[in-house]
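What follows is a short report on a single structure.
Chain nomenclature is as follows: A, B, C, D and E, assigned in order of appearance, with residue numbering initiated at 1 for each chain independently.
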């Protein structure tokens, strides 16, 4: 929010380049995120979708360097925030960024709040972590923050404990905490999954409102394509630790390219149309421990798979305007004449 | 002259019993029965066996160890446990004491009698209680009346019972004890209900400070602060401070009537048996009584000296020969199992008592052949008795003769009727593991001569209950008696006595005991009495209603820096003479 | 909270009544007729015994006897000790300060040791330091307390002469002076160390595991996401949560310690409730025995209550009303 | 992470490992627990074989017998661990002691576990009034100061029931409360799992649900708890015996053997009498605890679910 | 035939079939206990006066937010919970009050598919045993035959026969749910209550299970009570849908009617709140204020009036009954 800000207008807020994050299983590291690259522009809402275990949460934790110590580790790539590589920062330096420039909210608002401290204490903490102000001021700020996220009786609630609030209220508290220092980027990891649909609507509205009011960028991680369609500008689809498709939201929903994305959309029962038989994806996601070295990771489940899919690793490449997919079906570098036919890429 | 704590034997019997019944607490090694045996102070004609050397010097603090927590009944009239008495003995003293021949000698009081029925006592003047009040005969009268009071809850009534009118006083039929007549502040006349040889030795000879306890109702006395926290006496030390259950601080009585007191202070503290050796070695305690088992460990310590002196207690294996009827105070029923004298004698021959004593008492005990400790003046010499030397062959022969032979070839003898014969032997159990092994050893001796034996370890409280009530589960039993200054064994042996545990019923023997006390028969001639007692001992030595095992020696450990301490059979000398060198 | 406390206190009453019935029955079942202690054992005169039985109410039907006993008990009349010939209440009160001191000091020792070791281990699980602490703890857990006590006396009192080997205070020191309290402390330290060290192991492991578990909780991630330094996360966020179960142990320990003190006190000849209890068992001092048993049962109940109350205090999720 | 549950589908043998087999495999891999198990097995075998072994161990095989001639002998070639104050061979007695200590520990544990499991599972499964009554009763038992009641009860039963069964019964009666509470809380938690409701919905009787569905799933907790109780029961036996309220004096348990350390001459002067039982007691408890930890790891519900 | 026609066809044919289950004024309260003797100090009114019927071969969907009582309704119908009041008629027979052996016998006809694929299978049992158990509870069977039968059942739900010898922990969530379905099918029941059967599953797996359930319904002529919080899933699965709020059924209508023309304000809000994976649809969203009140202390009158954007004064006073306002369309709201 300063002059410095303007000088960086051209630089994306966040650049993730070839990120590789590994997890230790039985003494060996296995990559849960494999070469993920994307960027987030200022004030942009980027959605990350994928089924459980696809690495979307790990990726978000990697950006924040919140991977469980000793178990999770960034093994390659860079995370640049406002042009500065933050993936190699010490924990102490990182603490200056966490909660201030980038903050995060999580899926389970109950367990994400410390049960033994008051709401006020937990919001004040983030403020006091980053700003030299008195406790009293911090408390006043907390109350106004709570008000700003739509919590009634905020001056009472500050002295209450998380368990005294409903799930939706707790998620509001989490949001208040996350925006306390007016971060430039908010990472929301499945923020509405644990909530009822009517409450989810409230929270999504709130997020959207806050994003607009604070000129904040959001990375919204979710498995719910509907949520993405609701509020995101751009979408990343992840599968087995990799980004398989990246597009603006309209482009993606109207014109899904990757067979995985396509199937995913057809597997969901829709309110707006009646389908007797839903699309399914057979088989299972390969285990992190025996991920194929080469080839497409979706190949063994893909109805459009070709023999080459097992041997050639597809790269993320532009398939349309503002639309990239990692699939051999669209790979322009595929030798002329041998390009596979693309019938069956989308299911009837 | 030695100031002995001789009065104790008057109640030794009581003590043993109460100790057995009640004193086993506190000390988890549970060796209280041993304590009780050991604590019975002794006397004989023999010379003191140990004195310490060095020039007396004034000042200093001596740490005196006791092996069980005191109960806190610090009054001669009320105490029930030996450790309490050890404290009492430091701050109070009896009016009459005993010499090394266990003969009564004047202390504060001297006496005259012509017929052993009426005694006139004269008190020394100027003897003061620790609170400054002078001791008069009224304090003694107070003590006697307290003990004779029906509300009195201590165990000493037997020591005033023989005074004329005591019974009536106790029953509330009289306001005073008719047999007591106060002549002046320093003279008092006591009349007994009948003339007895041992009236004096049986009499209660401690005073109670009327000046402080006079207002306390008798029923509340034992719980009063005068007994529990601020007792006073006339002894060389006075109680300064009591930490209940662990230690007592005594300081020098500047006004002591009987000469100078050397030590400034005596601290009495509880030393658990398991800590005895370490505490002695480190000099944490200067003086304490030892259990035989500690003897061999303490002996090598360079800074500690061991003194032994004859004890007045003995161990035995008793047979239940009959059943006692409490109402009629007679033995009513005979138990046939051990009636055969030959059987009992055979069992006596079967015991290797010397080996047993050496193994379990480490040389601090001697084999006995009759129920009178050898240091008593009326003890029979071994030459006059059958000593039943260990002779398994003879035991076997006797058993064969008596008809106890192995008829079914199982290696064990059957009784003359051919029925299975098992010696059921009981021993009390506490936490002390040696009890089991010493009892086991006895049964093994029986088995060696072909008598099948079974050992039953019975919890100690239950044990004496069962013996006293002639529980049929008890057939032969291990026991110990402590005797007193009065060598008369009547209380333990006559057919009308509850404590005649074997229920030994021999009118001839009873007659001898009666005669030995009968002033008409023996007058005041001690030699004549001794003769009768020896005669009696020959009978019980032959009859063997119990198998006499051993008498104990008392053992005291003294730090080398302690001087002026003497012990004889009558106990320790006057603590006023003790001193420490630095 | 107050209302809850009162409600809970009232709730203990039926429990106490049940316990008192059990205690009374047990005392009646003890061998040797529970009255024998109060009757002069030397007086075997049947009339006397009968008279005493009558006087002491032992001829009444059992429920009446029970009623008499319990009404006296409620009014603070615990009866008269048959051994010490004085009010049981006084005897118990004489020993209570010692046991209390022993209990408190050993608790402090336990907590200090457990907290320092547990926090260290919990923060660095599976390191050499953690393993070493676990090793020590396992061994401490395995050594029976009485073995530890006996060896401790042997080594610290007799060999090194650092601590006294028995008693609660040096009698020669003036009561109430600073040295007096120092001496009390000196006497209580070794038994308290032994008693305290025994409890340490389970506490340490508990705290360690709880810290590890809590450090994986979502709220820790939240705190990190807020930029809270890791040290503060451990010392404030995690510890505050891990303390909750530990603090409630305090209540249970309260009673358990006195039970545990029976062994320790008797080995160290430290005159407290534990020794008094053993003593009253061996000497058949029924009034004392019954009073102590009731007292200890009551303490257990009180301990449970305290545990629950503490829970309410330290854990905002538990509301007591 | 989360995906690890969905991974292992590739090649599986026809008949695969049950959760118990997996636990066993895990346990077998735990070195400390295995060493401990071997130790406990050896101790148990030696204890069981004590009467048979005795004749080879020492010239004085009869541990009931007092041998006045050979008291307090320090360890030598004949008596590897020396003899005690009754002239009994310490090594032989140590093996016999194991019989008693392990028997008391095992029987008391069994009793505690059975009682506790029955009460706890019934209370937890049925809830309501049944739960209420059972748990109030459990509270009552738990309120009894353990050591106090053991000592008092032991004194009462002394003459009535014979030998060490008094102790076993008394400890058993007084100690099941904790297990009952634990089992109840586990059952309550496990009951929340839908498979219990599923079992009811497919027509299982309550008894069958408890026995076939609930208990196998709380068994891991019970087993781990049982090992810990086993260890503590051995300690309780030895402590009580040490205090003189345990097994009868003549019984050669480790606690009884240890109680001789309380005698003034033994602690310092004759360490060979008390050190072996102290050491073996400590090692036994240590081993049992390690086994307990190993079981806890192996039976971790995460490996079952 | 288009999907739409197919559905219409189905609805028509169902109307002629017998009522399998009839629920009348069902109430299920949980006692709230407190105090030393755990007295009952209040009730959670989890299900508060619910009535509906299910015809044979039909799927009735129950939808609502967490805590609305839809699962409790399902479990009460299966008599896994004791109803506080009301009646449950199964094939015309009263099963509300039966218990013990009678209940056990009756349970043969109605089975359940559970929500949590991890918690609903006993981890100590082999899959074969899990599926065989219900059969063995009712019949004595030849072991070999039974094994064959179960293996064929396994393949019917899309699992390999080898699964018979495996344990639940070796399967993924979707596969476990198939095992759960196989167990429910083992007794050849007439009614299956599916309680959030796919809410714990990933989207791709969810579709497999939903497809499977539909296939099986046709194959075995099953009747479903399908409970879910996800309106689109319910819509996909059900012939008719009941919307629950705070223990009450606020609207019951056919699948199409409900979506096309939701009548109850709550249903309207619910439908509008669902984010559609379609950027072309820009809905006007009705965002409800506040939270669902506690079922322990429900508001008087219409349970929804505290959050209803159209609440009137009368709403807080009177609880509107569920009434049929259009053919086959029931709603409990004063507006109609």
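To be clear about the criterion, a residue touches a chain if its C-beta (ideal position, glycine included) is under 8 Å from a C-beta of that chain, and two chains touch if they have at least 3 such contacts.
It should be emphasised that the depicted structure is a prediction, and the values quoted were computed from it without experimental measurement.
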(Q) Among all chains, whose Cα centre is located farthest from the one for chain D? (A) A
Q. Hey, which pair has more contacts between C-betas, C-D or B-D?
A. C-D
Q: Calculate how many whole Å lie between the centre of chain C and the centre of chain D, each centre taken as the average of the chain's C-alpha atoms.
A: 24
Q. Between chain B and chain D, what is the separation of their C-alpha centroids in Å?
A. 47
(Q) What's the distance between the Cα centroids of chain A and chain B, rounded to whole Å? (A) 93
Q) If you average the Cα atoms of chain B and of chain C to get two centres, how far apart are those centres in Å? A) 39
Q: Two or more other chains in contact with one residue: find those residues in chain B.
A: 28, 30, 274-275, 278, 430, 459, 462
Q.
Using the touch definition from the top, which residues of chain A touch two or more other chains?
A. 52, 284
Q) Considering chain D alone, which of its residues make contact with at least two other chains? A) 6, 8-9, 155, 158-159, 243, 261-262, 267-268
Q. Which of the residues in chain C come into contact with chain A in the complex?
A. 216-219, 221-230, 237, 240-241, 244, 314-317
Q: Within their complex, state which residues of chain C touch chain B.
A: 31-32, 36-37, 40-44, 46, 80, 82-87, 90-91, 94-95, 150, 153-154, 157-158, 161, 164-169, 171-172, 175, 266-267, 269, 271, 275-276, 278-285
Q | chain D residues touching chain C - in the complex, by the definition given at the top | A | 136, 139-140, 142-149, 151-153, 155-156, 158-159, 231, 235, 238-239, 242-243, 245, 258, 261-262, 267-268, 278, 281-283, 285-286, 289-290
**Q.** Parts of chain E lying in touch with chain A, wherever the complex brings them together
**A.** 3-4, 6-7, 65-66, 172, 202-204, 206-208, 210-211, 214, 229-233, 235-237, 259, 269-281, 285, 287-288, 291-292
Q.
For a test of understanding, state which residues of chain B touch chain C in their complex under the given definition.
A. 14, 17-18, 21-26, 28, 30, 61, 69, 71-73, 78, 80, 153, 155, 157-158, 222-223, 228, 241, 243-249, 265, 267, 269-272, 274-275, 278-279, 281-282, 284, 326-327, 430, 459-462, 465, 498
